[in-house]
Amino acid sequence: MSAPALYRDIVLEHHRAPRNHGALAGHTHAADGVNALCGDSLRLELRLDAGRIAEYRFRGECCAICTATASLLGERVLGLDAAALAPLQQAFEALLRGEAAAPGLGGLAALGELARYPARRKCAQLAWATLSAALAGQARTTTEKDPA
Amino acid sequence: MSAPALYRDIVLEHHRAPRNHGALAGHTHAADGVNALCGDSLRLELRLDAGRIAEYRFRGECCAICTATASLLGERVLGLDAAALAPLQQAFEALLRGEAAAPGLGGLAALGELARYPARRKCAQLAWATLSAALAGQARTTTEKDPA
Amino acid sequence: MSGAFDPELWRRDFPVLKRQVHGKPLVYFDNANTAQKPQVVIDAVEGYYRDYTANVARAVHSLGEQATAAYEGARDKLARFLNAGSRDQLVFTSGTTQAINLVAYSYALPRLQPGDEILVTQMEHHANIVPWQLVAARTGATVKAAPITPEGELMLDRFEAMLTPAVKLAAVAHVSNVIGTVNPVAQIARLCRSRGVPLLVDGSQACPHQRVDLQAIGCDFYAMTGHKLFGPTGTGALWARREHLQAMPPFFGGGEMIRTVSFDGTVFADPPHKFEAGTPNIAGFIGLGAAVDYIEGIGLERIQAYESELLAYATDALLGVPGLRLFGRAAHKAAVLSFLVEGVHAHDLATLLDHEGVAVRSGHHCAHPLMQFFGVPATARASLAFYNTREEVDAFVRALDKVRKLLA
Amino acid sequence: MSGAFDPELWRRDFPVLKRQVHGKPLVYFDNANTAQKPQVVIDAVEGYYRDYTANVARAVHSLGEQATAAYEGARDKLARFLNAGSRDQLVFTSGTTQAINLVAYSYALPRLQPGDEILVTQMEHHANIVPWQLVAARTGATVKAAPITPEGELMLDRFEAMLTPAVKLAAVAHVSNVIGTVNPVAQIARLCRSRGVPLLVDGSQACPHQRVDLQAIGCDFYAMTGHKLFGPTGTGALWARREHLQAMPPFFGGGEMIRTVSFDGTVFADPPHKFEAGTPNIAGFIGLGAAVDYIEGIGLERIQAYESELLAYATDALLGVPGLRLFGRAAHKAAVLSFLVEGVHAHDLATLLDHEGVAVRSGHHCAHPLMQFFGVPATARASLAFYNTREEVDAFVRALDKVRKLLA
């Protein structure tokens, strides 16, 4: 099977060998993200150090898109100031809507194909939502927003 | 306007000059029939003599089909034994379903066109229903059976 | 302006209008009952069944995504059409009847207390009376009706006086389906707001004939029907203020209106999906989206201008028919003409007009209280649309004349 | 027998089946979600819109009579199809969801008392759980679920033991939409009758695949959906015993469900119209009538025989896929196959199969409690119909293999 563009090599690679996978002892922030509609569930644990994301670990029962996003997201945000995430998330949402990838997105740009898969977007949004929740001190979040 | 067959001469004639129209002082049986769906309402008064319909009078706010039926029905049943009406009513119902007119129907056969006007059948059935109600000692009846 | 509006142009889009009835060209004057459908609507329905039949919101396969996009796209179109504020405030229903019942069961039923009142008007359709009676009967509330003038206009001062503290909900037709009266719903909404009474507007007869701007009206609930808006049967919508939709418990239980279900407890979805359990009328709503596009392509302002000229023409013509009584002479009126001809019953009128090709409705028009007000059991009703013409009005009046001569 | 059944013959009647998806011929295996429509159904819908669009039961003109005859004719057809006893026992609804909610609101809600119970099963669709939860929450009743075996069969002895005096209603799927289990509904109905417990059967998934004989089943209520029976969206029906329909108060208020309305009191129509307020989905039901004719033309017995062969073939083929787990192995089973492939999430399966032209559904299938029973958040599901073929099953398995190699 030639992989459809949504499952391009980088996505498959992060699905098979996710970076920053596992639990994080001594985390300062954490959240669970679930999407019962899809059946994705994600656990994210972070250690912040003076406002910066010093460590990032995730695990869960997720589809390939969700896993790859969580993995690519970790790579991208490690070392960033938590306050700097909002514009990045906006750029990612624009990508999902079909706009060209902003340069700052890094590896996350590989998920641009999702613009053509509206039903799968929440799979990628779950990692983001869980990150936001963890940073906001919410223990749980969901991307079960209704179809739009 | 050439009258459509439903409004054939005999029907129009009985609509314009209904027989046995009015009130009946000293009636032994009476009933009100209404059909709020159509807006027909009929008052029927009878005098029975030894089981026979000796007098028959009707009045009301009715459409031409209803008036003509009540008038033709009166002509047909005057003098009849009330117990003999059931087969006549069955023959009339068969007529409304599109079967050939039984010879016993007399002038009522003129209403056979109603087979092609399902929405108008209740207009003719109201006179029959009111007659049955009066004979059964019911004060009120209706042909608001649901469309079938 | 009306020189620019050529109904013949639009008639071509409606296959039924080419039809004959009893050998005569069809004159379809029963638009308030249900409207005819333009080819683009028929094509949209057919296109879904032919090319991408799939359920919505449940499938990640291509057909499912295509169906979902078209179905939810129809919601966007309708939201723009009605100036709904947000697409999430539009709940799809099977029609106005379901929309009003949704408010009755999910909004009114849990709130009503013995002694509470619901205020309607004397000119309402049964769909805007009976649901309130049903929930009133269960709660000990009562339904009362504001009176109308002999011309068929709502007595606004009386309505205002009846807005007592006991009134917990008011429900008013935007346009009467029997006599065409256009009620001043924005003004009524202001009255209700100032008394803290939520207002439902029954918009079934308004949407096809005038621009409906929900932001400008300012009501709490607005119910509409798709099949009268040149769309498919089995479609309609309830619009509501966001805070009501948030606060109301769900109505139907089932698929698509939940987040999670377990026997320990169930979490519901956000509006509008909270109120849309089960598989919706997907083909119908896709067709409704096409109907909205079609109407927008003509322009409701032009439709309204043309129809009010046609109404004036038809009113004059009818008043020339001897023995004809016209019901409803509101100053602000849609193109609906209820009438009777002396000595002729409404049903005979409708049957005999049909023999001349003219389709009008006869009966109580699901508005018994209004019939009682006029003191008649039934009327005949001619209700016009933008694809009707003066020539059709002429044919109608000629046919009326024949009927009158035959029967009266 | 199956030599006589040539699916290729029937495939021609379904325009969608000629379609390609991502450049591959469409293999539509999402029939339990919604079924494809034969041309005769599409034509019936289009014919109404093109030739005789009119409202039903309200008009005496020709279009109205034609529409009413076609609409009520569909009721006759469906009544015969289900051996309903009488056409008056069939209430048209927008689908199974509305049918079950009608029973919940009009039958259960007025009867339930604190402490009462409603008995369902672990394999129900949300449409047969959430309505009962909603009315239970309002009345102080509770909903309990009879367990199933690991094979996905209802534990009948446990069901029987749970039929305690507190149980005021039982509600059971005829066929599971997730695992295809065919429940012994006639036997369940006997159990319920002997305890005096009314039984509702959710027939959504049964009607398209086997002969449903309501007289033989002996339940109290039966709910079905038209769009899964190759008919239009927005159609369905509730069948009920006559005494229930007589005793139940109306549900929706509005036009067509009344005799007379006044502010002093309203008199309701007889069933089924008592429960059919407002303008129905006329085009939809006319299409459903055509769907019933179409299915009768093939014969449900032949359909069932063919589908069970196809199920055996598909089951064998799937069990040959390494790492594949099949959910539900009931002895009596319809052609529905829920599965997961080790290391592959259901959603990735569905997306990648779609790229090979194969439409399956992934998710919880509106059956969270059943997912919880199997301990998985979601499955992929292939659900077959009589127009599916062995060649399609082969293509599906080849596609599965590719997906597995790509992801696992």
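Labels A, B, C and D are assigned to the chains in the order they are written; within every chain, residues are numbered from 1.
As a convention for this text, a residue touches a chain if its C-beta (ideal position, glycine included) is under 8 Å from a C-beta of that chain, and two chains touch if they have at least 3 such contacts.
These are the chains along with the protein names UniProt gives them: A, B = SUF system NifU family Fe-S cluster assembly protein; C, D = Cysteine desulfurase.
All figures in this text were calculated on a predicted structure; none of them were measured in a lab.
Q: Of all the other chains, whose mean CA position lies farthest from subunit C (Cysteine desulfurase)?
A: It is A.
Q: More contacting C-beta pairs: B-D or B-C?
A: More C-beta contacts join the chains of B-C.
Q: Roughly how far is subunit C (Cysteine desulfurase) from subunit D (Cysteine desulfurase), centre to centre by C-alpha average, rounded to an integer in Å?
A: The mean C-alpha positions of subunit C (Cysteine desulfurase) and subunit D (Cysteine desulfurase) differ by 31 Å.
Q: Taking each chain's centre as the mean of its CA atoms, how far is subunit B from subunit C (Cysteine desulfurase) in angstrom?
A: About 37 Å, centre to centre.
Q: Centre to centre, by mean C-alpha position, how many angstrom separate subunit A and subunit B?
A: Once rounded, the distance between the two centres reads 78 Å.
Q: Based only on mean CA positions, could you tell me how far subunit B sits from subunit D (Cysteine desulfurase) in angstrom?
A: The mean C-alpha positions of subunit B and subunit D (Cysteine desulfurase) differ by 46 Å.
Q: Which subunit B residues touch at least two other chains?
A: 36-37, 117, 120
Q: Residues of subunit C (Cysteine desulfurase) that touch two or more other chains: which are they?
A: Those would be 22, 59-60, 64, 260, 347, 351, 363, 368.
Q: Name, in rising order, each residue of subunit C (Cysteine desulfurase) that touches subunit A in their complex.
A: 56-57, 59-60, 64-65, 68-69, 72, 87, 259-260, 269-270, 272-273
Q: Give every residue of subunit A touching subunit D (Cysteine desulfurase) within the complex, in rising order.
A: 1, 3-4, 6-7, 12, 15, 36-41, 61-66, 117, 120, 123
Q: For the complex, which residues does subunit C (Cysteine desulfurase) have touching subunit D (Cysteine desulfurase)?
A: Residues 15-16, 19, 21-22, 26, 28, 30, 33-37, 41-42, 45-46, 49-55, 58-64, 94-98, 100-101, 104-105, 125-127, 129-134, 143-145, 225, 227, 232-235, 249-258, 260-263, 266, 277-284, 347, 350-351, 353-354, 358-363, 366, 368-369, 372.
Q: In their shared complex, at which residues does subunit A touch subunit C (Cysteine desulfurase)?
A: Those in contact with subunit C (Cysteine desulfurase) are residues 36-37, 117-120, 142, 144-148.
Q: Provide the residue numbers of subunit C (Cysteine desulfurase) that touch subunit B in the complex, in ascending order.
A: 22, 344-348, 351-352, 355-356, 363-364, 368, 371, 376-378, 402-403, 405-407
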